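Below you'll find a set of structures to go through.
Here subunit A shows up in two complexes: once beside subunit B, once beside subunit C.
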Partner chain A sequence: MKRRTFLQLGGMTAAGAWLSGCRSANEKLIPYLVPPDEGVTPGRAEYFASACRFCPAGCGILVRVSEGRAKKIEGNPDHPVNRGKLCARGQAILQEVYHPDRVPQPLRRSGPRGSGKFTPISWGEGLSLLTGQLRTLQRERTTERLALMTPQLQGTLADLAARFMATFGSPHHIRFDLLAPDWLRAANRRSFGQASLPWYDIAGTRYLLSFGADFLEYHLSPVHYGFAFGRMRQGRDTVRGHFTYVGGRMSLTAASADRWMPARPGSEGALALGMARLILSESLYDAASLAANGLRPDRLSAGLEGYDLPRVAQLTGLSQQVIAEVAREFATTPPSLAMAGEMVAFQENGAEAVRAVQLLNVLVGNLNRPGGVYPGGGPVAGPENSFADLLALVEKMRGDRMGVALIHGDPLHAIPQTTGFPEALGRVPFIVSFSPLLDDTALQADLVLPDHAALESWGDVIPLAAPRGTVIGLMQPVVTPLHDTRQFPEVLMTTARELGGGMAAAFPYQSYQEMLKETMKRELHPAGGIDLETVWVDLLRQGGLFKTEGKRGKGYRWRAEAPIPLPAEPRFAGDERRFPLHLQVYPSTAFYDGRGAPLPWLQQLPDPMTTVVWDSWVEINPGTAAGLGIGFGDLVEVTSPRGSLRLPAVIYPGIRPDLVAIPMGQGHRGMGRYAAGRGANPLVLLALPPSETGPLPAWNATRVRVARISKEGGLVTAGNPEGSYRGELIEI
Partner chain B sequence: MKKSRFFAGLAVAVGAIFAGLAMMYTLPFDFRDHAPLQPLAFSHKKHAGENRIHCLFCHRFALKSPVAGIPAVADCRACHLFISPNAPEIRKLTGYWERREPIPWVRVYSVPDFVYFPHMMHLRAGLVCTTCHGEVAAMERITRSVSLKMGWCLNCHRQHRASIDCWTCHI
Partner chain C sequence: MEKQTSPYRWGMVVDLDRCSGCGACVVACQAENNVAICGKKEIAEGRNMHWLRIERFWVGEYPNVRARFLPVLCQHCRDAPCEPVCPVYASYHNPDGLNGQVYNRCVGTRYCGNNCPYAVRVFNFYSHQWPKPLENQLSPDITVRTRGVMEKCTFCIQRIRRAKEDAGGEGRLIRDGEVQPACAQTCPTEALVFGNLADPRSRVARLVRSPRRFRLLEHLGTHPSVYYLKGGGREHV
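Moving on to the complex of A and B:
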């Protein structure tokens, strides 16, 4: 190259660089192409009241909407359940609307099942595929071959689903939820003769004794009880309520306690009875309460003969002195309150252990009094043994006796494989999923009819735990639906209308919204004769119907024929020598049972006890880990009689040496880019212990062994921010 | 002697460089963010000046929202379907509309994220648009006529006895 050419080229390059520098670096102002006609004022936010249906707690929310986009969610101060507070999960449901992997329109499977190959189709085609299948069942007079699987729905949606199935002529509406309080309803029915859920007056109690009830994380209504817990501790001038937690793993709730009693898994019921016996023998019981409940102290003492202090200490692995101290404190600090939770109920002897805790409340007079436990104002009826329904359905699916399965939710991820559900579902010829994301179940479906996101939906939400009266949260669409999706109840109603005949007649509504209004009309004025339109807007503005005055229903009273709870020796799945450790699978603070996993805010939320983000882990006691040669963050293999998993280890002092714990919620096959393939699903490890009365939902009764695999666990935690997942997206 | 001359020359040269840099820093050479080129040669002089269209006709949210608002492409087109539809710049507008693209206007006035500036409050306080935006009606291309620095805001707030509490703007 000549010197002259070089200089020319150099000059041109420099000029070019200089000229391009002239382009303004200012931001752009992008106007609307066509202004929206719904009265949007740019820059001005509007707030809509709605209700959260992420978990059954059913908190009230206020959503800030700017330029037609939902921007922020906070608690609704008028809602009696959460009083303006909201948990991280409720705040994160914004990301459900704007998830990049939402199913934008109906899909029909085009590859083999589970391949994830789908063809987009129109709603017309999708609905005609569905009605075609249902018509075939009707024509062949085999309508019982239709199965509907949903979570435990409430209110209008529950009514609609039940009516749909009943009119169609199928008894197979399965409402199984791993974390649903079936166990609590069943125990209440057995002890008190009524299956309503309790409401605990935590705010007013002076001594709280929780048997594995993690009410700050997920138990019944975490925001409600978390708020009440704050008031119990600091809301009174002279009293700071005392809190004792019983359970083998230190959860967030346990970490907030004054005393942690790490009883041996499965021995919690025995501990409760040991305390009861001590209270009886030292005459610390409330004689009036026992008389009111038709119980006699001498007979009770005789019934609890076997639970003397030395034996209970030996069963639980706790010291006699501690047990006696807590029992005396509990009995002499009225009002006191004992709660039983999932971690106890999911033992093989859980049903009786929960009742043993209830007996403690009867014994010291905590029923139906301030600072104690009342029958709650939530939904009165609900499934008491949906697990048996599930097993019956699995049996029928296995025998090729089911033709069509309509599935709302992600049971393939949320139901332990030991039930045989995945294989059984594979035998159903036609599976319809209503998931808004391609979750594990939708990946196996033949037809996906995507539901709206929660913030685009109508609905009513009845909270699980409400002090009294009628509390119905109303969901309203706060944004225009982003995609060509339709609401699940709307699809059921359209299908019914297409089927014609009795099905169409069962739904004399133009839309689900109209059906919802009918429900509210009934709730407001059972006798009728009310013009709903005058109050409807007020109800929506307020966030629902909150009638918290009014009388409480019939209080709890020990049923005359109810036996004294006697939890049997706990049984576990897995031989003690081959599988020396107990496994506890607990709901993740961020993901609940796994439904929160697709939301990146929740993935990024550090676990409050371990600070792990974007992953699964297994918690191991330092002593046990040292014996197995496991260090913090090592990759380990957890093996149960059912299967094995590889995941990183967290050395955790807050857990019994004979126990390991894994949070649930991760390990999805699908569910969008943030959840798919991340972490591990501990439910695959679960095995059911042997039982004469048929399988029990004993999810905490599996034994495992743990072995070290390598150093490369790849954990990202506050103490170890350089984990292998670290990237642009993942950090702490 | 030669040496001292050399040092004197060096000092002058260094001084000149510093003076030049200082000038570059103070003089408004930076046209890029004061008066950027817009994707369309939209003339405020023609619209607001010659044709006397009121500011709020297009920036219609200024009275009720923190932001004044930029007219939607459909709004521009509504008039220009009939008014000189064949002018070259209007053809560009039609092009955007036909491609279903919003026009990527370049922002001239902006305050940082930590400043809350509500248009409606200033208008309700009786300020006119020209106080901050200058004689827009005489501008072909919009030029920023004020500094938008905090001292400038505070001066005006003091003159008008508006609150100068931190939380007034930094919320």
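Moving on to the complex of A and C:
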């Protein structure tokens, strides 16, 4: 080797070593110059499709699972109801699985009833206790003494529960749910002769007129209609849908309206009829629609004679000009859409008021047309007066005619005490609760057979609001059950098998999952002859069966014999002089009727309208509060003819001076550490107004009075009551 | 104008005409980012840990009253007041235009929080607990911040990183709509839209050209990447 080559090679080696040395030093330096992103290590998670059963809307969900644990819930983009979107409550059901106070195994009461003293037992013992009780009923030939109380179940579970009760020989399956749309089914049957729930084409409408329908919070399907609302506002190039809200309290939904009409409680139906009369008298109605519905304008006008503008203005407390303006806008901005909601239906004259709103849709031709209202694709039939069933059951319980009560849900918290339910339930000798947490009902139970959390369960969920076709969401266990719990339908089936005879024969399935498969088989191919196994995995992967094409059912048509809706003058429970204020209870944005209260994410979520956290409150108009000497956050006492409550006051500019409002959902005795003893349950205040036809579910017809107690309301709001910025600074 | 070194400039549009104030985004953010559960006492002290809040404004008096909602999250300012004040470079500007926060550098001076005009930085005044078995819900993608650390909205940077890795593997850029933070993903009314402002054809860039556009406290010259669209047509009240 030449000397020169040697030096060249040596130099290159040295340079190489030096350069590589530099590189390694750089590797240590670089992270400090270009920082890492917050210790992020994006992993690969798995997604499992399932369905949400928190509220009857029945949205499709995707659950992110890593290392066998559920981490996050997202909307299922393929689900036609929620299209990848999800509300706060649906996302929070994750915490139901990992709630620190879940009932880990069956419990038998060991102390006096309601003491909360329980002894853990095995499933074998628990089931034999239950079957023992049921056998006694069978032996004594008093099978009608069994009561089953559930929310309004759908699909396979509804079928199973009905079959269980029918085979056992008891008619007492009560499906009462304060927020269930019984009222809407009943009104539809009366007006249109069909009890199916409507589907509103909000996205396509140009003028939306909501009478107390809070479709962005809880009404029927909030995510579905929320999505549609966004499109109604900004989804079309040249049209921005207009939204007017009628109701004494500015709800979250009403806050998004262009115009808020704070009508006097109970006068909403009269307002609808006043508008109808104006539309008739100014010939703004759709003649073709009236003809198609078999209505004659002259007869209608005559029927609505009493609803002239001055009288309606006087009844509602609104100005004549505003009423006329809205009526004209509604009639001349097709397609328009009128909706009636719970806040109207829960008045004493609610049944007719809801029909008065339907008449508005008939009048301007909004039935069965884009931008209007269609019969929905959800479950066709459903309870239309479960309240009457509940009262009948209470009567029987009072008369010691019920022996065993099986309860799924928390009726002791969710049923107003004025029905007499709590005392009546106390007379039932044996109460079984299936609650996954020790809620108010489970605390009174003799036996607790804890259900799986939703994310551990099989099931099918049929959404309340679907445009058309068949939509069935499938729930599948996305995590292995955390505790020694069993699914409610599985427990019913096991019980039936152990009872033997006809009961066992009614359930020829190995498991609930198998029964579910049978249902899906029927839905997929009614004639049979389908190998489900080939499509089952696809159904699970996709989150259910979504057949959204196909024809719509029979459209709405006003029944020939349907009377003109004439809401009577509203009646209220409580004397006007002793109880000067109206009370409105409304489902809380976070907790719905109270089932969301145990979840800390929802407790921490500031209420959108008041920013209150971890509490309940009463909303009072600033003028009324000033007159009573009440300031923001003061402790006040709200007294109704039925009882009284102490809770902090929120000065609320968006409420009528003669109305106060309390959100539902808090005031649990039990339900785990995050809910127990927190806030107040306004349902204890409710009284039912007198009625000739027997009690009506008029939950917003109670009068109250409010008095200040002290400064110490203990109210905590996440935001400044006035907002962090001055409004004019950010110009919203 | 600083030199753009990355093909992305992440930004968000909040359409106030769509926003209903429902709070779905708040829970989505909390679930995605291991945001601590705060009790009543902590919130009473003004120490709520939410990265995203919804401001509510009352305008006018009964009966001519309006309520307005304004979701406020980190505005990811181009000239962010939080960044230059950090003595340890825990708050930094990343090439995609995000205001990042490096938790393991943060020594808790809280200068950044003081300097943020939008009050979107939250400080861990306490050690937060997830009572067993609630800790199972914690996402493994993100650290759980300890006491003494400032934290904030990251536009769900773990999702952006994931998308970048996926796109990089296929030798392409992230497509419009391929990545969105948890809040925008869940928003029922589609009021929140996320995307790349550097791509003029992205949905977010098109919405930003709307005449309804404004930015929060624009006069401060922070040049936020979050644009708001005014609610329109509220002619009646």
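Worth pointing out:
Keep in mind that, in the parts below, the second predicted complex is superposed on the first by the 674 of 732 C-alpha atoms of A that agree within 3 Å, B and C clash if a C-alpha of one lies under 4 Å from a C-alpha of the other, contacts with A are read in each partner's own complex, and residues count from 1 in each chain.
By our rule, contacts are C-beta pairs under 8 Å (C-beta built on N, C-alpha and C of every residue); 3 or more make two chains touch, one makes a residue touch a chain.
It should be emphasised that the depicted structure is a prediction, and the values quoted were computed from it without experimental measurement.
Contact with neither subunit B nor subunit C is seen for A:Y509 once the two complexes are overlaid on the shared chain. With both structures placed on the common chain, the touch criterion links A:W536 to neither subunit B nor subunit C.
The wider contact with subunit A, measured as residues touched, comes from C rather than the other of subunit B and subunit C. Using the contact criterion defined above for the overlaid structures, shared-chain residue A:F632 touches neither subunit B nor subunit C, since it reaches no partner. In the superposition on chain A, A:G43 makes contact with both subunit B and subunit C. Subunit A uses residues 35, 41-43 to touch subunit B in one structure and subunit C in the other.
Partner subunit B is touched in their complex by these residues of subunit A: 21-35, 41-44. Those residues of subunit C that touch subunit A in the complex are listed here as 15-18, 20-24, 26-28, 30-32, 37-40, 43-44, 48, 50, 53-63, 65-70, 72, 89, 92, 94, 100-105, 119, 131-143, 154, 157-159, 161-162, 165, 182, 185-191, 214, 216-217, 228, 230-237. Interface residues of subunit B, counted against subunit A in their complex, comprise 32-33, 36-37, 61, 64-67, 69-75, 97, 100-108, 110. Considering their complex, residues 35-43, 66-67, 69-75, 82, 84-88, 91-92, 94-95, 97-100, 216-217, 222-223, 226-227, 229-231, 233-234, 240, 242, 250, 252-253, 255-256, 258-260, 262, 482, 589-590, 600-602, 604-606, 608-611, 613-615, 621-623, 653-657, 673, 716, 718-719, 722-725, 727, 729-732 of subunit A touch subunit C.
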